[in-house]
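Before any comments, here is the structure.
Lettered A, B and C in written order, each chain numbered from 1.
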Amino acid sequence: MTTATILSRKGVGTIALLALAALLPLAVTEPSQQNFLILILMGAQMGVAWNIVGGYAGQVSLGHAVFYGIGAYTSTMLLLTLGLTPWIGALAGGLVAAAFALAMGWPCFRLKGHYFAMATIAVAEIMQILVTNSDALEGAVGLYLPMDQSGWGVLIFLSKLPYYYVILGLLVLTVLVSWAIERSHIGYYFRAIKDEPEAARALGVSLTRYKLIALTVSAFLTAMGGSFYAQKEMFIDPGSVFATTISIKIALIAILGGVGRLTGPVLGAVILITIEEYSRTLFGSTGSGTDMIIYAAMIILVAVFSPSGVLGLLGDLHRHLGRHLPGAKPAGGETSAKEIRP
Amino acid sequence: MNTAPLLAVDGLGKAFDGLIANRDISFIVHHGEIIGLIGPNGAGKTTLFNCLAGFHTPTSGRIAFEGQDITGSTPEAAAALGIARTFQIVRVFQSMTARENVMVGAMLRNKRVAEARERAEAELDFVGLSHRADTPASDLTVSEQKRLEVARALATEPKLILLDEVMAGLNPTEVREASALVHRIHQRGIASIIVEHVMEGIMPIAHRMLVLDYGAKIADGTPAQIAENPAVIAAYLGE
Amino acid sequence: MTADILIQVLVSGLLIGLIYALVAVGLTLIFGVMDIVNFAHGEFLMLGMYASFWAFAIFAIDPIVALPLTALLLFAVGVIVYQTVIRRILKAPMLSQIFATFGLMILLRGLAQFFWKPDHRLIPHSLVSGNIALGSVQFGLPQFVAALGAVGVTGALWMFLHRTRLGTALEATAIDREAATLMGIDGQKMFALAWGIGAACAGLAGGLIATFFPIFPEVGSNFILIAFVVVVLGGFGSVTGAFLAGIIVGLIEVLGGFLIGPEYKTAIVLSLLLIVLLVRPRGLLGKA
């Protein structure tokens, strides 16, 4: 009974949120502000994708830029050389990234914890160097998307609005995949692997197989985000899509909001992108270091005081208040599945 | 019907960097049997468990499960064949509720979440933890966490369950409850090997006792025989 | 390739490798003592460089002369970082640990950028400058002095770890924390000491290279990944291993850059990291 009410309340909330997101550009018409919304959705999409492997399965990748870059370069190269529509190019990018994830995960998942994180940084850095020195990919010069075409076929638009709806759609897709995983046995296995890998094995869970599933799905979705980036910016170079700073940002969005929770990364993106953009406009353009200082202070505060992210903080607050409200019931049943601590 | 014994261990040995933890251990476990595995600290009991459950690859010897050679198989393969285990130091999934912990076990046989949940309810009831189903595993008492591990292992529908010191640290009432639980596991036709220091918990229920000392098996018999075995008495007094 | 060029390449590799070793010994000490990877280690080096720069710019103290001050300053920075941040995340999930030191890295870079501008700076007239020629092999005096200093500092650290009571306690903690605690060694004190010494080593490396390397807020990023490779290759927690591995990595980097192309030298070193992690995760001299 309670479960049903909560679920339907959740359903109504989700639909309301989606409607709000769909209608938001009607209120926010300024292109720069629309761009800001797009950046938030892009950040959220990356974070939700990272969360699958880094949050649920607890395998901290600090090299996700490698998938982002593969996505951006694959779709762009297919468009430039074969004239292939990015609709298919993005899928191809996702597949290439997924294949790369399999190849990289196979050896790297023999490593645990800090070692795995370091190996992922190394893989991404190596990739950045290789692409920077590749003539076929125009090396450090980068790739420009064709300026003379636009429309839904090539996914290049003169206004911001279509980009907003494309990335909103991609975010919804990413959240849906994440949600489906969370609710299936795979989600349970991921959390088991994160909590107690040896115990999970004793229950018949193959660590390699499920870690690979996590990384592959995450890589696929991250690559699609990379393809979108290329379409939106119409220019990519190794520094803008393969850099370790991108990897960090992706992971940070998830950890800031709350890892291992469906909505954590979305919240993280709202907070992080807002800070990034506002510190830039408030304190002048990049170079002053203020944006970095604020950014870093937040990372440290979250790491030290709230390992479960802002969402965890809100959860604690909610529980705390709930205890003092008359008629409040302790969380249980379906809701407890969402109360995941990292 | 398979006539092979459930588990046949033949000349099992395990060494770590030259340090011998198990040497030439042979024994047989029949379907549904309750085996007590005792021995002084460092006798190699947990190493033996780890070999049986696929966590260690034996250095020598063979392990056959229902006639099938499983020497050096992985833990997940062992679990799939029907060998379940608990851990000496509890390893419950801290971020999950008690029910979800057991669901992970149940998913070995049935990946459907709803059915795994039903199965989990049944196993929680079996170990007497139904009232704690929604409690985060990290909030359970150690005694409850041990029972949770048993429920989780049983949810994998094993034919053999390896219980590693499930009675350690329990008060006398809890020890009696644990003994009763082992007996009910036996009634379900599941064989168990129980590593235990709590003699009053294991002696009354075990069909047979294996005694290890310095990595080797020094006795194998009924609890009554073991209690009078001079080698066993020497091993324990010598400790 | 003639023998002369080979020797030239090997000498360059050796000189830079010794600097890598000095950066890495601090990192490996911290990791060995408390199983935390310090992503901000390159920033300790950066602070050491700036300390030298300002000592030179304001007080006209040569970086080489300022080294003891740099070491003291960075020791204090290391202890403060431990007491304010690291102490609170000792039992936190790995993700929090990674991000705490990662946050420190970005914070220190940001602060450097805020106070000292993102410009590249150089120390123009150091006591050590110019080239040395040994037969046909040439190398810079600053590089030579820096390498010599790195050997001296690493040697002093080794003596401290093996010849003093305090050092032995620290080394024992790095090798086996639990055993050390059982022996009555105060873990908290050792942790703080490891951070102090680790930061001081990185700072000294910074001071030593300040005579010939451009100084800028992000300079640490050039060293941190290489230091990781050195730590992994040497075996986590092993100072001797890090020293040897530093030389090996320096040689491989320069030799690989020479043979394959300088643009690939970082990629070569990072590939080495992957190979070591996969083939022999405990490194050359690391504990199993």
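The definition used in the following text is that a residue touches a chain if its C-beta (ideal position, glycine included) is under 8 Å from a C-beta of that chain, and two chains touch if they have at least 3 such contacts.
Every value quoted in this text rests on a predicted model; they were computed, and no experiment measured them.
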item: Which two chains share the largest set of C-beta contact pairs; value: A-C
item: Relative to subunit B, chain with the most remote C-alpha centre; value: C
item: Where subunit B and subunit C are represented by their mean Cα positions, the distance between them in whole Å; value: 49
item: Inter-centroid spacing, subunit C versus subunit A (mean Cα positions, whole Å); value: 33
item: Interchain centroid distance [CA atoms averaged], subunit A/subunit B, Å; value: 42
item: Two or more partner chains touched - positions in subunit A; value: 342
item: Subunit B residues touching subunit A - in the complex, by the definition given at the top; value: 53, 55, 74-76, 79-80, 84-85, 87, 91-97, 100, 103-105, 107-108, 111-113, 116, 134, 136, 149, 152-153, 156
item: Residues of subunit A that touch subunit C when the two form their complex; value: 54, 58, 60, 62, 107-108, 110-111, 113-115, 117-119, 121-123, 125-126, 129-130, 132-133, 248, 251-252, 255, 259, 287-293, 295-300, 302-305, 307, 342
item: Of subunit A, residues touching subunit B in the complex; value: 183-185, 188-189, 191-192, 194-196, 198-206, 260, 332-333, 336-337, 339-342
item: Partner subunit A, residues of subunit C touching it in the complex; value: 35, 37, 85, 88-89, 92-100, 102-107, 109-114, 118, 217, 225, 228, 232, 261, 263-264, 266-267, 270-271, 273-274, 277-278, 281
